[in-house]
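Here the chain labels run A, B, C, D, E and F in written order, and each chain numbers its own residues starting at 1.
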Amino acid sequence: MNEPRPQPVDAALVPRFAGHATFMRLPAVDSAAGLDIALVGIPWDGGTTNRAGARHGPREVRNQSSLMRRANHHTGIAPYDLVSVADAGDLTVQPIDLMTGLAQIEDGIAAICAQGALPLCVGGDHLTTLPVLRAIRKAQGAPLGLIHFDAHSDTNDRYFGDNRYTHGTPFRRAIEEGILDPMRIVQIGIRGSVYDVDEHGWAKAQGVRIVYIEEFVERGPAAVMAEARAVVGDGPAYVTFDIDSLDPSMAPGTGTPEIGGFTTREAQAMVRMLSGVNIVGADVVEVSPPFDVGGMTALAGATILFELLCVMADGLARKRQEGQQA
Amino acid sequence: MNEPRPQPVDAALVPRFAGHATFMRLPAVDSAAGLDIALVGIPWDGGTTNRAGARHGPREVRNQSSLMRRANHHTGIAPYDLVSVADAGDLTVQPIDLMTGLAQIEDGIAAICAQGALPLCVGGDHLTTLPVLRAIRKAQGAPLGLIHFDAHSDTNDRYFGDNRYTHGTPFRRAIEEGILDPMRIVQIGIRGSVYDVDEHGWAKAQGVRIVYIEEFVERGPAAVMAEARAVVGDGPAYVTFDIDSLDPSMAPGTGTPEIGGFTTREAQAMVRMLSGVNIVGADVVEVSPPFDVGGMTALAGATILFELLCVMADGLARKRQEGQQA
Amino acid sequence: MNEPRPQPVDAALVPRFAGHATFMRLPAVDSAAGLDIALVGIPWDGGTTNRAGARHGPREVRNQSSLMRRANHHTGIAPYDLVSVADAGDLTVQPIDLMTGLAQIEDGIAAICAQGALPLCVGGDHLTTLPVLRAIRKAQGAPLGLIHFDAHSDTNDRYFGDNRYTHGTPFRRAIEEGILDPMRIVQIGIRGSVYDVDEHGWAKAQGVRIVYIEEFVERGPAAVMAEARAVVGDGPAYVTFDIDSLDPSMAPGTGTPEIGGFTTREAQAMVRMLSGVNIVGADVVEVSPPFDVGGMTALAGATILFELLCVMADGLARKRQEGQQA
Amino acid sequence: MNEPRPQPVDAALVPRFAGHATFMRLPAVDSAAGLDIALVGIPWDGGTTNRAGARHGPREVRNQSSLMRRANHHTGIAPYDLVSVADAGDLTVQPIDLMTGLAQIEDGIAAICAQGALPLCVGGDHLTTLPVLRAIRKAQGAPLGLIHFDAHSDTNDRYFGDNRYTHGTPFRRAIEEGILDPMRIVQIGIRGSVYDVDEHGWAKAQGVRIVYIEEFVERGPAAVMAEARAVVGDGPAYVTFDIDSLDPSMAPGTGTPEIGGFTTREAQAMVRMLSGVNIVGADVVEVSPPFDVGGMTALAGATILFELLCVMADGLARKRQEGQQA
Amino acid sequence: MNEPRPQPVDAALVPRFAGHATFMRLPAVDSAAGLDIALVGIPWDGGTTNRAGARHGPREVRNQSSLMRRANHHTGIAPYDLVSVADAGDLTVQPIDLMTGLAQIEDGIAAICAQGALPLCVGGDHLTTLPVLRAIRKAQGAPLGLIHFDAHSDTNDRYFGDNRYTHGTPFRRAIEEGILDPMRIVQIGIRGSVYDVDEHGWAKAQGVRIVYIEEFVERGPAAVMAEARAVVGDGPAYVTFDIDSLDPSMAPGTGTPEIGGFTTREAQAMVRMLSGVNIVGADVVEVSPPFDVGGMTALAGATILFELLCVMADGLARKRQEGQQA
Amino acid sequence: MNEPRPQPVDAALVPRFAGHATFMRLPAVDSAAGLDIALVGIPWDGGTTNRAGARHGPREVRNQSSLMRRANHHTGIAPYDLVSVADAGDLTVQPIDLMTGLAQIEDGIAAICAQGALPLCVGGDHLTTLPVLRAIRKAQGAPLGLIHFDAHSDTNDRYFGDNRYTHGTPFRRAIEEGILDPMRIVQIGIRGSVYDVDEHGWAKAQGVRIVYIEEFVERGPAAVMAEARAVVGDGPAYVTFDIDSLDPSMAPGTGTPEIGGFTTREAQAMVRMLSGVNIVGADVVEVSPPFDVGGMTALAGATILFELLCVMADGLARKRQEGQQA
């Protein structure tokens, strides 16, 4: 690569409260051309069945991401030294018509994929993940694995009569559409009361591995993530982080909070353990600023985003190195 | 009427913070049968183009309406002595599909009209008013007049390409559909920057009378309302009160605040001056609790709702009396 | 007076956020001995029928009063140059037993009166005013006049069965007990829905002059206050300022907000027009910090307190001057 | 049972933000007749020695309980399939006179017991538990055991001189009155600074088992709950959950927060381990909405309430089954 | 001008919550070259004597300015049709060393002036205005007039001993330095308690015209602004709008609130009456997001900024037209 | 000691919401004379590089410290029985000039040291610790050890060009100035992204022991604190507790939050394990009330302050006893 990689504004020169709020204080770019990873916002919550507000997520995650610095103190990964990454802006998605919205998201992500960049998205509600997966599935040409951090399985069938597209159904649709390989899906942190004791029966029958929070607490992050890596294997995989997987004390600003969730410590540890997974895209969803307190949820979202960026950048760098060595 | 009219819980016996939060602490009823006026919630904001949250309006207006007492200190109207009014619950409206939502609202209001009650609605965003008007128009069998308190004219044509149904378009649709007689529409309090200097040209061309806030400030409530009553005349008229007509200092909890709005004093005075108008339905819309501070907006909404109830109850009682005298 | 009068900490030397938060940054004193005016907190809300929290009023009014400076820019009154005034602390009042609480307040104020200081109190709910009046009535040896700024008349008889002492009844009790001369009472700003159209009948029958907010708006502060001064005449008078007389946009932090209230401009103007009234005590009540937003209500309370202090100090200085001239 | 058991509104049909906010979206009933378990609010905080507000607890717990679904994902208990449970409304308790308040609560609970339902209460401050215990003790005809989750022992003797009834004294009174068998009391999570190093001496001398938070952290939920079950044995037992037993990061909305408390995970685990205890009543107390942030505390309270409901419903169903088998 | 003028993102195509938050949703530019008016943030509050936070002002004003549309509904001015204006970013100002900060601001504004653009600034605290004035004074080559909306005169001499540069002193310094012509200064809205009855004596002695809020209320916006225009005359003038000139109910998010301030209606009216003034620069300062509630203050700031932009754009267009006609 | 030791106001007599808010409700004293430990506020945040507000820390920590009682339930330490401790007020530090501010702090602490009291300080940002250390170093006559709880190492060199004094640099300066012995420094809880992977290289090269949060999580409080005690040894040591060492869910009100921090449980445990360390001063810093939610951070700060007080008081008492025995 000849031209220098995009770099965040230096907080030791320009105070963090200054300047336009872009993701990680990176340059804002008009297209993903030349990028390895495109940070992209999807300000849309048309699939939300209860408390809306995730449409405001990208802006506030950008705002809080001003607190991020250049390198990961624990893993030593400095993503901007390894890959080209920038703030590719928000997808243009109108908030009124659901089916149009899904198409707009898919188109937007497809364009990023077409430019050779991996999308690292900030929702938006969890239904945004469905069109993102559709676009990546097409770009990859093969079904994807999924590592899914969430309080909810999101594999329900219908809501409010015959609505098949809500933030409670994306992964059922994705399995039905052949986007995800259900045998390569692991859901971690699932909890909260359910509509039906057998609510997750369909997903389990497809082969989805559900790690409820109680099992997670008993086994710990390392064991669970070892299994998760085994479940998704070497094939292309997507990572989706629903902020409501975190405990509401750490992420109150979300539409469907459930007590008893992950601590941020646990979440950071798990994301770091994604090292080695063949990540072809990822997202942080369901940050809902109108329900946030003190920006706490957006800060957690921004930090998880940074952790995802580190592990993705490191993965790309290793692949490139392997490619050069081969 | 033989059976006693529904009465609110007595705050001198049961503290206001106790009991289920119904509108005005009135009984919750399953149907509008036997009611003169039905207080009904429409928890839906599918037409919102920017900050959602009005779906939560009915619940918080109910909550704050516990502060309302039995009679109007200024006009002396004691509505529960004059008419039968109760909390008819919320309409069931799913939040996902817009066109289905509009149909559900229209059906719900049609049922209330069929039972002979006048609907006094709490939104929801301003698009909810369109299906409410559709139902009342059918029940009345004639086009309606409109007294419209708002910061915005809501007579735009389309948003985000070809979306004809948003909270910025209901009154254009209602005029086009023959529901409203544009010559009998008055909009009061309009202000805020506009997309186009000629943004209100279409409405004005139809005959809509727009009283911008600056004209209102200059002429005062009494003169403006005298004109408003003249505009709507004796025919059936609907009153719609968008909470963003109030100044954001008094109603911060709304999706599209505009500084320089009505004081609550002015708003109360104007609603009281509706006396004599043939009101066949009314609403308070766009209270958005996730953006509220200290319940201020929901309190203002609840109080305006009470003022509307007083003037409607008084109108009905006068009509009944005239009927008896005739 | 030989020793220098107490002075507030100088904000041009010590930042306003520094130091213990006393009223007006004045010295904290253990007794009212030597003071002309004693600023005293009454952290008690045992008479509250709905939303409690006024018990926290004195602390937050102290906190916000750090923003007050030395002199009144409009009237030119510099109270600390004219009289001795200090922070006499909070009365010790237990929150559990109502009748004991009333006695503790009366004793505390009686002690201040016995030392020759005028009490300028910060509540606490409005029932605190009753024992304050009892103590001053005894000290003065004559019934008092009352200038009462409020949204509510507070002359109800009973609540919740047979409870005669609540924040909705103090002035009825005070009239019954011969503490207040009802012919010398004026209530200004009364509004809000009522339990009964004739709710204020008893008060009016005693001779209390009630200026509803609508009359106030029509006549303006100057005319209303001219009448108020005439009503109370030259005799000893108490001034009570319920913060809920202000509009909720300016004072959301109170237990019983009513829209359509005074602006702070109007309130300041009226308090300044108390000049010439023979004030023997005053209070600011019903500031309820748990319901406040951004300290706005406590700031308004602190500023009204400062305005009351100015007019009281000026009155005392004039009396002293007249005494010296005589 | 012939008629169908009451069921919550189905969130897959009616959005959670719609409709009146009852506990768990269950039907509101006027009496406990026919119920196995009565969810009942006790909106009263007359015993609060510091920050009041728990009077507003039932309303906000109801509000947040709209997020609860039908079944427990972990234990598989679906309470509405097992027992009849509904929202029996709030007890009528006036906020002014303490002793009258205690009597009103006792009467209200006695009526529920008389109808054969077990009360599952939502406070209110912790003094509400005393009259609840009085009524259940009479109904049971024998002293009760107690499993008590709290930051505070609440076994002090007097406050502010001679006040024997505050939220710091209920369990001392209950022991003295022979309501509770002190040898069958276990208090878990006790922490926070104390007035006196020997503050809990009286309770310990009676035989109360106090598990301080430090011991809990060391031994873990399973060991502590095994002991707790052993302490209360097979006899009738009451479970009281003070929300301040939770860490303030998870339950900031309470009057007397103490850092270092339970996580919600730990709390849920412990409540589930109550299985097998002969629970004759339970409560969640001290949720104080005016001090809450983002509804976090009310959500935790609603979820713990659901967990208690599950374990109680399961217990009743097992008893019934055993009865049928016998 | 050949290339099209910069235009804001169209809210009828892209929702307002989407995209990077720039001022008015205008393009972000790296330099002021080619601009007629440069919107520029000055995130610095090093001169603040009490509550800091104005350093965060530009970012939140940008955020709320997404609510602004293209044209002024009242004056009909559509600024982006008249002049070239864009978001020129934030000045780089370090927050640690005061004198360095002042120099950085002056340099940044000087660069903008050198490119022929008029600076329209968003603070930052009021001391930021001093270096802005220094740069404009140099660029203009003549002393400036000043129209100053504020609660405070900001003409004190020193703070905390010998600190000559604080947000309470900028206009004294500017007069002393010959930047401002004191005979062409008018200050409007001044109020609040003062350190000294003669606090404004120095300013008045220089010829500064101070319109206290009480005079403003008596005379009204039109009369006051007529005088203001006369005071500044035809020469180059700067307009500074301290957000604390607004009432705290409308602008709580500021460091030194004073009750009794302008309504936003009054403020808008006055800014519109600046038409005809030869404005060579302007600012909105002292928006302090950490003290704001619900974004209310930043919204007011953004709207006043838009009003200033309209009047400045209109002025430039008229000048250009006059130039072409001449 | 003949006169009785200062005691906090008794909350069983005077409610906690009553009275002036001093640290721990202890008497306010004008000088540290006669004290063993002086609680002192340092309301200054001139070294803050991002979000200011710690200047307001002392006032809110005082406010929340009203919740503290007399004794430590776990360790049994009752500090007011062991040593003389009082609220020595706030240091007078002007907020405008950084170097003057540092000098003022050093002078203020030097005065306390000169009177023989140990300073227990409440900041203020972390740069306040530098002048505190300077004063103590002089008083002790020897370099100090440091036990440092923080998310950040604060050993950077310069910010914003050549600013050597910010809250990111104090411990580098203290090492360079010979105040701290780097071999006797331990930093615990360090985390968060870094500007440079080698950011802590300088500190490590001096011998500073950095325990990152990940190591802490793995080893646990007991092992880490055993090492910490070994690192500082028997010599005089200072303890500094940056509130941002806590997780943002427990301490959101701080300028530079980093997710994944200490729980309050862990922090309390570690502070208690300081027993035996020769503590010659301590502080709690970076509590920033404008960013706090619900007073949570100030409460955590007040409780940690109490824990520090307990361990310091116990240490002094033991020394005295040893001295008497010797």
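Going forward, a residue touches a chain if its C-beta (ideal position, glycine included) is under 8 Å from a C-beta of that chain, and two chains touch if they have at least 3 such contacts.
Just so you know, these numbers come straight off a predicted model, no measurement behind them.
Engineer: Which chains contact both subunit A and subunit E?
Structural biologist: Under the touch definition, subunit A and subunit E have B, F as mutual neighbours.
Engineer: What are the chains that subunit C and subunit E both touch?
Structural biologist: Shared contacts of subunit C and subunit E: B, F.
Engineer: Tell me which of C-D, A-E or C-E has the interface of B-C again, with more than half the contact pairs shared?
Structural biologist: Interface equivalent to B-C, from the options C-D, A-E or C-E: C-E.
Engineer: Taking each chain's centre as the mean of its CA atoms, how far is subunit A from subunit D in angstrom?
Structural biologist: 39
Engineer: Can you pull out the residues of subunit E that are in contact with at least two other chains?
Structural biologist: In subunit E, 13, 15, 17, 49, 51, 55-56, 94-95, 159-161, 247, 249, 291, 293 touch at least two other chains.
Engineer: Mind listing each pair of touching chains for me?
Structural biologist: Pairs satisfying the touch definition: A-B, A-D, A-E, A-F, B-C, B-D, B-E, C-D, C-E, C-F, D-F, E-F.
Engineer: Can you name the residues of subunit F that touch subunit C in the complex?
Structural biologist: Within the complex, subunit F touches subunit C at residues 13-15, 17-22, 28, 41, 43, 55-56, 58-59, 62-63, 87, 89-90, 92-95.
Engineer: In the complex, go through subunit A and note every residue touching subunit B.
Structural biologist: The contact residues of subunit A facing subunit B are 45-49, 51-53, 55-56, 94-98, 100, 159-161, 163, 165-166, 290-291.
Engineer: Tell me, which parts of subunit F touch subunit D in their complex?
Structural biologist: Answer in residue numbers: 10-13, 15-17, 67-74, 76, 78, 247, 249-250, 263-265, 268, 293-294, 296, 299-300, 303, 306.
Engineer: Which of the residues in subunit E come into contact with subunit C in the complex?
Structural biologist: Touch residues, subunit E against subunit C: 49-51, 156, 158-161, 190-197, 199, 212-214, 217, 247-249, 252-253, 256-260, 291-293.
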